[in-house]
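Each of the next two complexes has chain A plus one more chain, namely chain B in the first and chain C in the second.
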Partner chain A sequence: MVPGAVRPVDVADAAWGERQLLVQARQRRVRQLQLFAVWLGIIVLVAGVLVRFNLDVGFMTTWGWFILSRGVPTTLGVSLASITFATVLALIGSLMRISRSPILSGIASFYVSLFRGTPLLVQIYIIYIGLPQLGIVLPAIFAGVLALSLNYGAYMTEIFRAGIQSIGHGQREAALSLGMTPQQTFRRIIWPQAVRLIIPPIGNEFVAMLKDSSLVSVMGIWELTFTATKSGRPRFKNMEALLIAAAAYWVLTALFSTIQSLIESRLGKAHER
Partner chain B sequence: MSAEERFAGGERAVNGEPVVRVRNLHKWFGRLHVLRGVDLDVAEREVVVIIGRSGSGKSTFLRCINFLEEPSAGEVAVAGISIPAGHRGRELNRDLLKLRMRTGMVFQEFNLFPHMTVLENVSEGPVTVKRIPRAEAVRMGEHFLAKVGLLDKRDEYPIRLSSGQKQRVAIARALCMEPRVMLFDEPTSALDPELTGEVLDVMRQLARDGMTMLVVTHEMGFARDVADRVIFMEDGIFVEQGPPDVIFRRPQDPRTQRFLQRVLD
Partner chain C sequence: MRRIIRGPLVVLAVVLVAALAATACQPRPAQPQAANDLLAEVLARGVLRVATDPNYPPQSYLDEATKQWTGFDIDVAREIARRLGVELEFVTPDWDLITAGNWADRWDLSIGSMTITPERAKGLHFTQPYYTTPAQVFVHASNTSYRSPADLSGKRIGVCGGCTYEEYLTKTLSIPGETINFVIDGADIRAYPTDLYAVEDLALGDGVRLDAVITALPTGLEAIEAGVPLKPLGDPIYFEYLAGAVDRNASKNPVPFVEKVSEIIKAMHADGTLKRLSEQYYGVDLAAAAAAFKPPPEGY
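Entry: the complex of A and B
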């Protein structure tokens, strides 16, 4: 394997480097095992506590299916719809925010300030039980998606704005110097680069939204949280029902976090080396 | 080709309309008066090199020519398209795009588009701005990449290129718009020292091919060998200008003498 021209000292160095890599790989494996052991310990502890609740396994198997089959699709549907609308709002909001027009920028910054500065729950109530005083009665599911979209749209406006503004000034100048219009410059040069930066945080926002969508349960939408409390409370099995809901959220968020980090690493790799 | 011959070429074209015409250009950054009334005519095929200390206004002047910097007062014309300083309407904005199409610019920091391959970088202008069919733009792109010696890198992304290669692609990208004049804003200042040669060689070849060029640089060797005219700039005005032989051997103004003394040894 070693060509004749290589001097012994090089061979020794190469072997040393390889050994170091092996040592580092082993250290990483040991670390992972340690982490796994800690998790296992905590799980055993928590299980020990849960046993004290005398959980009704029969309830959990019979009603568990109902909670999951009814709740998960609704939670996912509400979250997916809301993240989609929020993304559109954020794109519009961020463009308005960075526009030179004081009117557009003012509207956008007001929107961001208002919806980031008030609790999501209050926004939900205002849309669902406040607006009817004006004669505007929205179906619960619409009100829920509207509130989540507006709220997350405000947060994501800032994410989009930061992503767009992080593209170096030189890129804009290079495009303009070719004779591109500001619109062409944005579409062809700035936006495609900004998207790579924006997509990972959108994943984060989606994972957060999966959990925040539980707030729309106050309007009686049959998503995970509402389904769980509705099933548990009349039968005095709150703990059982809520544990199932919590587990479902956990699995969903873990799943989407994994998907997100896969997307992130793929985006990170593009155009490199 | 000697400087004299090139200058003669410039002489010939002086009869025609200058490619670049700047009149009484002023630029303020807040209360800072960076350009204090600059006039310049650049003839067809002429190579003009602007030298001077950093902060003397050279780069600002160059950036005012294609309005990356909005001049505060005065007028700029490139290839017959004349635009006054100040606020612009729809009509003048169209002129601005036309002026930029006819003005190639090469930046100190290259500013290649990192999300596009080398070939996409150079064909982007023709496709998006000139609406040239992609196949034809690709042919043009390949032609100019070959000219800067980087055709074999056509499918690479900029991140995989050396700084010298990046700058040569940036030159090809500007050439692809078939500009009437090329502006170079310190094109070798961000390069690794051993790579400045390859970029200067491309610029030399460009000058030999008859491209009209306006170059801001600290490369005195390039100025001496390639320029038809060297301009020394300080405090926002052109202090002195003339053929490189005159400026470098017998500078008249004490400010020019001081500057050259410092940079030449």
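Entry: the complex of A and C
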């Protein structure tokens, strides 16, 4: 073999590979278009059926803005406040949970078990109409945020715990052997790596919370579900009003799911191959 | 892991406990020494908090055009606040939370067309009634087999749970100043969170989910006007006296407040305000009988 000569088989392989990549990219685009077309078809079909069955479009235009403008800010506000408190609770809860102290770990696991094992609606009622019997009277909005925070804090405690424990023992041992104190090890080595794993699920929890926040409507808080039911029911236009609320939840969750996946891919950048 | 986190953990645990303690203590309203009755508190606050439910046209609903509170109850509440000389604020808890009493001082007064019953009077003080409402049986518009409410014995009848209509069917209802004939025997009672659910289920068709509904005559007529296929069956089965209500277990003594609101309502009967509002919203004077209502000697 002559030195420096290019072997034909290698050239063929590379070109073939590049062609393959292009073909795959085109196939993905076609598939996305197909999916989009199916979605569009379903939406048009459902809308057509609803309009045919006397969906009152006039009601939707009259009440749509009221339902959204009064409902969405409260829904978002309650969810944002609750996810913030839930994150703090989850941080505290997860640290207690992985502690060797049986008291701290016991308290945390009891909290997680209790709040994951009871329905959110029951928790809301206990806080809003149960606690006053013990002399603790919370305003509706405060009770709602507290219930959502405690409930989601319990779920997120487990997410945080899993994230922290997933960092390999070698990381901690290496940090300690470099002379870091245990606190430094946690703050500088374990926590920054754990955060990358923890943040994307927080986004998921927030999207779930947007929907669960509808439960606080039972306390007379004027969020999306409340404004929709109270505009629709007295006029016997439930479907119209609830469709507006459902569409708003859908758009909000789609929006925040997109934001969440952007954050996820950004945090994952350093780990891409 | 133990040595890594124990230090911060103790601090965090203390913070958590402190935070819980803070939330437990914070909401208790500060207790000024001066006023220990509800009337004085409302006047000092300058705001009357009235519970109502925007589900009940023409009593209480949001106006189509302005999206503002409107209705008979709403105007009565506004007039009471005006005559007390305070601002008005509406809160919107579920109806069964209002009738149950134990409001935990979250609102001061219910102006929600609430029927006076001895059962409710255990938890609530009632004001002078501001109008009456006929309780009416409705059936589906297409029904031809029922001639009077008595024909509904053993049928599926929708009512709001905890309402007087349910008590009528269980034959436990008693209304001061009213003799009630229980003409429906052994009804299959279907209780709903509010009347409107029952009306909607009856609207699905004759006998689909319900055979009849009992609700206030104005509520049913309003539904019919909105295009719901119902019709009234026979005459009203009884009349209810509808009054403002105040929590007996309010942390401040509620009696002077109840007396003051009763006094205002009597004045509104005397000067024709309630007659005018009733005619405006219902087309008839439903207030007259309520003006003559005499509470029992022990009071409500």
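The rule is simple: the second predicted complex is superposed on the first by the 255 of 273 C-alpha atoms of A that agree within 3 Å, B and C clash if a C-alpha of one lies under 4 Å from a C-alpha of the other, contacts with A are read in each partner's own complex, and residues count from 1 in each chain.
Simple rule for what comes next: a contact is a pair of C-beta atoms (placed from the backbone, for glycine too) under 8 Å apart; a residue touches a chain by one contact, two chains touch by 3 or more.
Here the structure is a predicted model, which means the values were calculated and not measured.
Asker: With the two complexes overlaid on their shared chain, look at chain A and say whether chain B and chain C clash or fit.
Answerer: Partners fit side by side after overlay.
Asker: Just to be sure I read the superposition right, which of the two partners does A:19 touch: chain B = first, chain C = second, or both, or neither?
Answerer: neither
Asker: A:218 contacts which: chain B (first), chain C (second), both, neither?
Answerer: second
Asker: What is the angle, as a multiple of 10 degrees, that the CA centres of chain B and chain C span when seen from the CA centre of chain A?
Answerer: Between chain B and chain C, as viewed from chain A: 140 degrees.
Asker: Which partner chains sit in contact with A:177 here, chain B, chain C, both or neither? Use first/second/both/neither.
Answerer: Only chain B; A:177 stays clear of chain C.
Asker: Just chain B (first), just chain C (second), both, or neither: which does A:188 touch?
Answerer: After superposing on A, A:188 lies in contact with chain B but is clear of chain C.
Asker: Let me test your reading of the model: by the given contact rule, A:196 touches which partner, first (chain B), second (chain C), both or neither?
Answerer: In the superposed model, A:196 contacts chain B only, not chain C.
Asker: Any idea whether chain B or chain C touches more of chain A?
Answerer: Counted on chain A, the partner with more touching residues turns out to be C.
Asker: Per the contact definition in the header, classify A:96: touching chain B only (first), chain C only (second), both, or neither.
Answerer: In the superposition, A:96 contacts chain C only.
Asker: Please give the least Cα distance, whole angstrom, that chain B and chain C reach in the superposed model.
Answerer: Minimum over all C-alpha pairs: 10 Å.
Asker: Chain A touches which residues of chain B in the complex?
Answerer: 66, 68, 97-98, 100-101, 103-105, 107, 109, 111-115, 124-125, 128-129, 157, 159-160, 170, 173-174, 177
Asker: Going by the contact rule set out above, which residues of chain A touch chain C in the complex?
Answerer: 62, 66, 92, 95-96, 98-101, 104, 107, 129, 132-133, 135-140, 142, 146, 172, 182-183, 185-186, 190, 218-220, 222, 226, 230-231, 233-236, 238
Asker: Which part of chain C faces chain A closely enough to touch in the complex?
Answerer: 1-9, 12-13, 15-16, 23-24, 27-29, 54-57, 61-62, 64, 67, 91-94, 97, 102, 104-106, 194, 196, 199-200, 203, 223, 226-228
Asker: Taking the complex as given, what residues does chain A use to touch chain B?
Answerer: Within the complex, chain A touches chain B at residues 168, 170-171, 173-181, 184, 188-189, 192-193, 196, 271-273.
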